[in-house]
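To start, the structure itself, in structure tokens.
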Amino acid sequence: MDGIHDLGGKQGYGPIDRTGEDEVFHEEWEGREWGIAQCARTPGITIDWWRHCRELILPEDYLARPYFDSWAQTDFSTYIEAGWMTYEEIAAGKSLRQDLDYGEPLEAMNLQQILDEDRAHAFRFDAEIDTPPAFVVGQQVSTQRHGHGGHTRLPQYARGRVGKIHAHHGAHVFPDWSAEGREVHQHLYSVVFDASELWPEAADRHDRVYLDLWEAYLLPVTT
Amino acid sequence: MDGIHDLGGKQGYGPIDRTGEDEVFHEEWEGREWGIAQCARTPGITIDWWRHCRELILPEDYLARPYFDSWAQTDFSTYIEAGWMTYEEIAAGKSLRQDLDYGEPLEAMNLQQILDEDRAHAFRFDAEIDTPPAFVVGQQVSTQRHGHGGHTRLPQYARGRVGKIHAHHGAHVFPDWSAEGREVHQHLYSVVFDASELWPEAADRHDRVYLDLWEAYLLPVTT
Amino acid sequence: MPEFDAKKVAEAHQHLHSHLPSESALRVKTLETLLEQKGLVNPATIDAWVEAYTEEIGPRRGAQVVARAWVDPAFKARLLEDAPAAIDEFGFLGKATAHLKVVENTDSVHNLVVCTLCSCYPFSILGIAPAWYKAAAYRSRAVRDPRGVLAEFGVEIGDEVEVRTWDSTAELRYLVLPQRPPATEDLDEEGLAALVTRNSMIGTDRDLGGSA
Amino acid sequence: MPEFDAKKVAEAHQHLHSHLPSESALRVKTLETLLEQKGLVNPATIDAWVEAYTEEIGPRRGAQVVARAWVDPAFKARLLEDAPAAIDEFGFLGKATAHLKVVENTDSVHNLVVCTLCSCYPFSILGIAPAWYKAAAYRSRAVRDPRGVLAEFGVEIGDEVEVRTWDSTAELRYLVLPQRPPATEDLDEEGLAALVTRNSMIGTDRDLGGSA
């Protein structure tokens, strides 16, 4: 979707505010939200669906509220969507129904267990597939002009542009479909673009931008 | 600029709120701001510069604050830029210097005078120029892929797209330069685009979008 | 004189974000006070502008023009050919209408007007734009999802009808000429004008209620 | 089970915009309370996650990896070839590093990492991302104006140096391998690691202060 989250190259956001950059969490609630996101039971969602739910936050809230607030907002929305929470419960600040069974009580985990758990979070998103890659390293490609109307990882600033395959990373879960609940692996590439291909003011700059893009985002360039 | 104001086709803004749609002004201050914008002396600005100043409002303010508030914010910024107001004066809520001469005292105008004045606001932005138009009605054109880094009236959603010249409107003041203080007339066209050229989900819709675009935004299509 | 220094303006917006009162009414009061003290505005003239756009200049003007076009084919031809001159026959030429264009609805075409980049509107013929016209939801969706927008306004558009969205990217302003409703033969121009809604001249209304 | 219904989620966001308290702390408290009452979270486990990412997992991990690469060419080669396996030699493999890539700064190349679409970050090796990394100003500008961004961080990049911005659009995560500062021959691995800043591993820092 062409949402407020698609910030690459957008202008007008002003200077970078580095306030508190050496603090891990600036306020206690930020740590609580971080922790909830690590260990709460969730209704079978994918990372892409969660990201899409965050993208759907009202633009003014997305911009004006603190970062971890958007995580809480996203969590609420996924639990509501799944029927695990209701607006009434949120308004009341307490659970109003006990008829749903979410499984065994959760044991408290200690620091060492968390360090092991963090290790277990080293998820891989790639897999072997039968289809050979359509592009080879060094090949020129152009990107699709249209993004997916739902979740997509082809940002607006890199649409309809010509770049070059920098690397092939095997087949990774395709996010546009994963956000809809379909897990399909597709070849993933790093694609490098000259800055001048992307930005009007970069004509005489030799900088480059690298993006990781799935095969469905790419087209061969016929010269 | 690729600012927050460039809203065409952006997603996530939700349903249309029609609250109070039959009221001219919802609160008194809205009328005051409207009136200020009509009759206050300004520091020799152009409409395009004023629009650009509005585009430069912080994105979260642009989205979250009421519409006419953005006019007041824009006015403040133009007076500050011109040196006609200072932050100290705005903080104090009163004028702190009388050394600048803005001309004769302004006489109060009555309703009939305003109706005449409104007539006098029928500004024309076109002029005869020597250069003949580069495109003819019916011709296919494509739009530039890049927008101007400052003010521009080529929206993001219509960049790098193929359309057709629907009408030629003579030469009009080119906004990208007018916002920088240079008044240059350039041929202006209405260009029509198939919806399917602009939006991924419009593939089977026979709708069209018309934009008024200056010659510098357009390129001939070589087939 | 201003230098049109965008950097300075961006900094002003950042400064004012933190240093102005958050209430809009207070901000505008501050602006008016400063302008008056500096001799840059006369508050009585503001009063008169508000009065003009509350009492005199508004969508009833556009409605009169539309009704005339319905009953007078020669006027309609002039209106479609040169709208500023045609509305000037009523004395309605004014703010933001010097480059007015009229686009006509038919059985097979529906027109919708938007300004995706700011909030351009033909003031002297329609008055102050409704808040929704200037809001992000309408501006973002009118070009991409015009049928969804129309449905929210209660307007269902058949597949056989082409929707044309006019994005006011230059100083041209657009006025939709809606279709005359059926069974209105016995209405005079004034009676017809009473049927014309503001939204029908923007394009968010289509079938005017003449048959009731 | 969820149906992944985006319309329902958008409506939830609209509803919560108006019906949740505006203070973030209260909102998160409400979330935690509900989850605990429903048996969906154990607060003590949240405590342990906060402790892990405050005390144990953070940019000192990345700094150790960088220092090792500076002193051990074979390790550096493994790191550039297969970063997840290389950091696992330290036991640092974990959250968001299974597809880690290391990009190396040289005299003629400077690397900068961003996630323009959300806030992807190699957690298990750098800890919690700084707020600026997740904010609109950095996300919007790092791809378009990397030299302006770097200047705000006090890093001046000569015209002869190519700036490469890596936008983390997939599950790959990037770690910048900064250059070893001059005149650090007498420092051991631990001393070298102390020179490595978090920002230098994101790319918003370049010349590490070894010569002082």
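Every chain is named by a letter (A, B, C and D) in the order it is written, and numbering of its residues begins at 1.
What we mean here is this: contacts are C-beta pairs under 8 Å (C-beta built on N, C-alpha and C of every residue); 3 or more make two chains touch, one makes a residue touch a chain.
The structure displayed is predicted, hence computed values, not measured ones.
Chain pairs A-D and B-D differ in how many C-beta pairs they share in contact, with the greater number at A-D.
Work out the mean CA point of subunit B and of subunit C, and you get 14 Å between them. Distance between subunit A and subunit C, defined via averaged C-alpha coordinates, is recorded as 40 Å.
Across the assembly, subunit B contributes residues 9-15, 55-59, 63, 199 that each touch 2 or more other chains. Within subunit C, contacts with two or more other chains are made by residues 10, 14, 136. Contact between chains, per the stated criterion, is found for A-B, A-C, A-D, B-C, B-D. On the side of subunit A, the complex with subunit B involves touching residues 1-4, 9-14, 55-60, 63-64, 145-149, 156, 160-161, 199-201. Contact residues of subunit B toward subunit C in the complex are 5-11, 13-22, 24-29, 31-36, 38-41, 43-45, 47, 49, 51-58, 61, 63, 65-69, 72-73, 75-85, 87, 89-91, 93-95, 100, 102-103, 105-111, 113-115, 118-119, 121-126, 150, 153-155, 157, 169, 172-173, 175, 179-181, 188, 190, 198-199, 202, 205-214. Those residues of subunit D whose C-beta lies close enough to touch subunit A in the complex are 1-6, 8-10, 12-17, 19-20, 24-25, 27-35, 37-42, 44-58, 84, 91, 93-99, 114, 116-119, 123-124, 127-128, 130-132, 134-141, 143-144, 146-147, 149, 152-153, 162-172. Note for the complex: subunit A touches subunit C at residues 12, 14-15, 59.
Within the complex formed with subunit A, the subunit C residues making contact are 10, 14, 136.
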